[in-house]
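Labels run A, B, C and D following the written order; every chain starts at residue 1.
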Amino acid sequence: MHGLDLLSWILWMPIIGVLGVLLLPNEKTTAIKTWALINTIITFALTLVLWSKFNQDIPGMQQALSVRIPWIPQFHIYYALGVDGISLPMILLTGLLFMLCILSSWTQIKKSIKAYFALLLLLQSTVLGVFMSLDFFLFYVYWEVMLLPMFFLIGVWGGENREYAAVKFFLYTFFGSILMLVGIVALYYVTGQSENSFNILALSGGKFTTQTLSLFGQTVSFSKLFFVFMFIGFAIKVPVFPFHTWLPHAHVQAPTAISVILAGVLLKMGTYGFLRIAFPIFPDSAKYFAHAIAWLGLINVIYGALCAMAQTDVKKLIAYSSVSHMGFVMLGLAAMTVQGMNGAVLQMFNHGTSTAMMFFMIGIIYERSHHRWIVKPDGSRGYGGLYTQLPVYSIIFIIGMFASMGLPGLSGFISEALIFIGIYEKYTTITVLALFGLLIGAAYLLWMFKRMFFGDVNPEIKNYPDMTKLEVAYMVPLCVAVILFGIWPSPILNMMKASVGQLVSLLATF
Amino acid sequence: MINLGSYLAISFALFVCGILVMIARKNIIAMLLGIELILNASALNFAAYTKFTNNNLDGHIVSLFIIVIAAAEAAVGLGIVIRFFQLRESIHIDDAATLQN
Amino acid sequence: MFTNTLFLLSALVTLGGAVAVVYSQNLMHACIYLLASLFGVAGLYACIGADFLAATQLVVYAGGVVILMLFAIMLTGGTGNNINRYGLEKVAAMGNKKTYFFAGITAVIFSLVILKILANVLKAQPASVLAANEPTVERLGTILATDHILAFEISSILLLGALIGAAVISRPRKERHD
Amino acid sequence: MDYTLSTVAPIVLIPFFAFVLNAFIVKKFTKLAVAISTGAIFVSFLFALRIFMDFMNVYSVGYYIHKTFTWFDLSAGSHVFKVNMGIYIDNMTAVMLLMVTGAATLIHVFSTWYMHDDPRFGRFFVYLSLFTSAMLGLVLSDNLLSVFIFWELMGFCSYSLIGFYYEKEGAGNASMKAFMTTRVGDVFFLLGILALWSVVGNVTFVDIYKAIGAGAFNNLYALGIPLATFAGVSVFLGTMGKSAQVPLQVWLPDAMWGPTPCSALIHAATMVAAGVYLSLRMYPLMELGHMLPFIAVIGGITAFGAATIALVQTDIKAVLAYSTISQLGYMVIGIGVGSYNASFMHLITHAVFKACLFLSAGSVIHSIHCQEMPQMGGLRKKLPYTFFAMLLCCFAIAGVPFFSGFVSKDRILGDALVLALTNANHIYKLVALLGFGGAFLTAFYMFRMLFLTFFGEPRDHHIYDHAHDEHLGWNSNVPLLILSLFTLGLFYSGSFTGQGEVNLFGSKNEWFSTLIHKPDATSLHHFSEYKAEEFGSVDTRDKVQLTPAVYDENHGMSEHVAHEIHQIHHIGAILSIIIAFCGIFLAYSMYIKKSVNPGWWTSTFANWTKALKNKYYFDDLYVGKIIQKGLLPFNDLLSRFDMGFFDKYAIDGWASVNRWAFTISKWFDNTIIDSGMVDGTGASVRMMNVVLRTVQSGKIQMYFIVIVVVLAGYVWTLSF
């Protein structure tokens, strides 16, 4: 009989929070918020404890921290949790961002506060579950359950077109996960429904290179077919180019905190899926499709950046910039070199912090103006002169914007540079083209900044107050993270490098 | 003389008395008395079976819990009766035939 | 010998009390008869060496439940057979011929079935040597705190719930004006 | 002198910590922040001076300090990947450090006066501190990656300072333009870094030199181009962005939206020179990639083109901005014609006199609150010290003998002339022509500016009368005078060891060309002995064994060729003196004597004048044509395609298909299933409930009877 282990504590702590929120009466909004905040702080503290217990030299899963308990023994389904260098940064990011999101929702959410915070905490638990699961079935369960709070959070607390966005988000992601489910079931049968049929670690290592199956009378490689299935499933979440259109809708309609979570954490679940599932289980196919993935990543980078430049809605602009930045992650993954992979995982973390900053900042200005137009539909400017009116806001916005742009000294640069170093050796043409993404990336952000912040003060914004203490309080941790990991990336890189190195070695053998 | 048969017989008799009280009375409190009888009958049965089989005291435990439940039931039941009386000025069982009002 | 006497006496008191509860037309009397019956059951427990059970029976029933019922009886009807606003007696009658008839029929049907089963059971029951009566308190305590700890804990929650529930239910409330 | 963290790092870190500290305290303690900032750069200057003195003591070509530390390490299992950062100090770095810290100190001091009344006085110093630390970091860098990092940081500071007056729309446009234009170059620079990384395995200067010396670039291609050329062009594009070479020069004139001291520091003395510095560092790569002619032509076009535009400018800062572009062009010519140390010397001399010119212009602007030269005139009497400083600087930039600009520029032009006359590649003839032509124009427009500002009668009496009289002040005009002192050629062409004579025409044994040697193909083998050391380890190099400093101008040439080159150099020197005086004379006759009417020129060459006024239509092309007509509509189209077509039809189209299927199934459901079968069931249920309702009497005792009887029946069936 052993007590609840650390990973389970982290995973179930938000559920305790949900129960607490549900027990509190509707009218006690401050109590609900405080409880949710305390809960997320504890969760974040626990993730930090996890970091302190983490042994950076172990390439695979941390045995000391893993859990594996039978859940549905009849189908060999386990409650299996584990953490390695790839999931730890994501767990830390999740812990941090949810804590800040509770703070940002403090004043911004005004209706059904109890339900909102309960759903937010539920979402945190499911996201953590995705990043910790080592059982394919458990992974899938968390992956699906995550949709539920997300659907309601967008659909109930969103903007004017929220139902459309929520349904679209739900159906789109659901479509992807169904493809993934097909893959899970196929793996279950091809491994003979044995003890390890849902064990992600046991499935990894390229065990399905020779199997074939007959499909419509054609002999198809098992590995390639189901790699494509899984790829689409995860690509929708990333989102990779042809599957990206749910993102602008969802972002524009979602409330601020949910946008932050969506861009900061949920998009990373897609790339995390590649790293944890698609690549290790089908390394031969990953290698086979690497060039195609690199081209898709390139399209993401350029297409997202060009679309972002045309937007007049700030939030939509940042949403498209997420598409562009996640393209860099795809490039790093496609490189399959130490530099590229490390860069990709680092970019996942860094994009999480910088894009969270941007969405928070947009949320803060939205609170004041109740619109997000850079240029209003009638052609007049939406803001203008914010620099004069809101100096503190502007400075923090600049930090976030330049981090997002990849300015050296801020976090985005190192990951992007590593990705480029990694991919240059493999695909020079793609590198040259992707570099233009950096250029356009600077262009749309600076142009947005110019139109919103420079110039004389727009009379409409004359009475906007500068950032409140609360708003500064939840931006400061992100600023610190962005600057600290820009100057000194070793803490994050050290925790991931052994695990990433192992994955690269695996891919290199095929 | 002291054997399982006699205990079962006594318990049976108690049980039948309880049923009679439950059905024949129109007074809610009187019906509760019947319930007590029925509960006692079953408790007695458990204790007896333990004694006359393997004497491992599990029956005693069940009997104890029956007593506990009986106490709880009496408390809640009588509470309801008193409340009902406050509302309806009656403890006639036929007054309690509707779900609302 | 003493045990046999005790057993006979207890059985008589038990059954007599039960029958008296059935025929008594006064609620207060019925309650006292019930008390007697419960005492009898305690005696029956004692006869088979269930000392703790017997004691609990006395304490809880005699000391608790029956007193509670007496309180309830006194709270619900001190003023005689008045007719309330719904056209029924305030303190209901203890039954009439019709109800007794239905009750009797039901009891007979039930008894037939039970007696049939009992016959089977008693036939199959081997004559066993009775274990000597020993104090059960210590063993009961051990079993309660180990094998039946969950049930024990749940029963404590049940009692708490019943306590609060009874208090909440019987508390008089103001009529809402809405 | 020991080179440890505590003697080198403060150069960068003190201004950086000043920046961090000031960023927090500047709002409340503005004066303190300013003092901290200025003090920090002065301390940096002392450290740099110490290093410089040490290098002068050793006085050796081969003396270098190379210390590294691991920034981060991705090695795992069999994969090894480390990113090292470090400092690399050689003679060039030592000189550069002294120049940057010295100029920055004086500009900081000047700014305490110039910016004093600005509402954002403190904030300006915050940016300046960050900028100087970045620039010093760049200079100390031992590898291209850290150069790139500091390069971009400077770009950010430049962006912030150009947009310093953020309430002005134009400042916003200018800052964005500056950042984006340099970003074009930066992106290519990054590409060059990637290309070098793929060959060398890291991007340390010394390792790149070693790799070039070992022939690692032979037979390597990227996108069908020889890799050395590919990487070289990429890196040089970075230079073109930062050093404002054609066609990426458009941002620098707009950068004048920033406060004048920042123009002096960033857009004249240091940051723009960083591009040239980078190309100098990568000189062996440029040579290997056969791109020196290309570089020379770019430099020539820039030098001449910018000078022509400067002719028609009326804004004093605009003239200086174009002259900066033009002078940077000369440095690039210097790289292109292999005049390595002259190019670097011009970088240093230009930094000094251009910083001084900008500060003088700042002094003028501060005094009369106006930047338009047609409204000035006769300020000589009001601003005597400024006039004196500016005069010296104009002499320097025009290439008057005994002044610094002459020493450096003459040598670049001399080498260009040598190549024009001896090299088979005829493009060098064009370069020499452009170079000399530019020199003439430089002398003319600089003195035009000087005469229009300080001489003649005041053209706008209102402005003149309100001008403040100048008094000598430690932070107003003393920095100008100090800087102007260093425009004397003596400092650059002298010898510090007493081994050779002071030669004002700059030839033998002067310290600059002795110490700074071109790392060309013949000298690269030295670098195989170079060794980086970890910070904190004991310095193992023995200074005694270092190569003694010998100036070897004619290395590996025959006597005859050397003599011929010497002759051409003399011709070049005489030619540039004549040209400089011609330029000055023309300006004199136009604006003092008024014997030549400038109006005649502008009306005769009206089309040209218009082209010059419009800066050769570069802005129209970039902003008007490429961005407004090309990029933005394309983006718009793409965005509309994404949401209006792709999302609407390809994605939501599935929903329409579903809806169609749903309509059919709905009809089926409603008419057949629902009305027929389901409602039929409902009706039958309704019938039944009439019967069953009577059972639900609510009589508990009835229920109890039923329960008992049913139970009995059940038990009965079980037991029999």
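Here are a few things to note about the model shown:
By definition in this document, contacts are C-beta pairs under 8 Å (C-beta built on N, C-alpha and C of every residue); 3 or more make two chains touch, one makes a residue touch a chain.
These figures come from a predicted structure and were not determined experimentally.
Ranking B-D and B-C by contacting C-beta pairs places B-C first.
One finds 94 Å separating the Cα centroids of chain B and chain D. Here the spacing of chain A and chain C, counted between their Cα centres, is 64 Å.
With centres set at the average Cα position, the gap from chain B to chain C is 5 Å. In whole angstrom, the spacing between the mean C-alpha positions of chain C and chain D is 96. In chain C, the residues touching two or more other chains are 99, 102, 106, 110, 114. The set of chain B residues touching two or more other chains comprises 19, 22-23, 93-94. Viewed as a network of touching protein chains, the structure does not reduce to a path, ring, star or complete graph.
Chain pairs that touch, as defined above: A-D, B-C, B-D, C-D.
Taken in their complex, chain D has these residues touching chain A: 71-79, 81, 145, 148-153, 156, 159-160, 163, 166-169, 171-173, 175-176, 179-180, 183-184, 187-188, 190-191, 194-195, 197-198, 222-223, 631-632, 634-636, 638-640, 642-643, 646-647, 650-652. Across the complex, chain C meets chain B through its residues 3-4, 7-8, 11, 14-15, 18-19, 21-22, 27, 30-31, 34, 37-38, 41, 44-45, 47-50, 52-53, 56-57, 60-61, 64-65, 68-69, 71-73, 75-77, 84-86, 88-96, 99-100, 102-104, 106-107, 110-111, 114-115, 118, 121-122, 125, 127-128, 130-131, 136, 139-140, 143-144, 148, 151, 155, 158-159, 161-163, 165-167, 169-170, 172. Remark: chain D residues 697-701, 704-705, 708 touch chain B in the complex. Partner chain D is touched in their complex by these residues of chain C: 99, 102, 106, 109-110, 112-114, 116-117, 120. Residues 701, 705, 708-709, 711-713, 715-716, 719 of chain D touch chain C in their complex.
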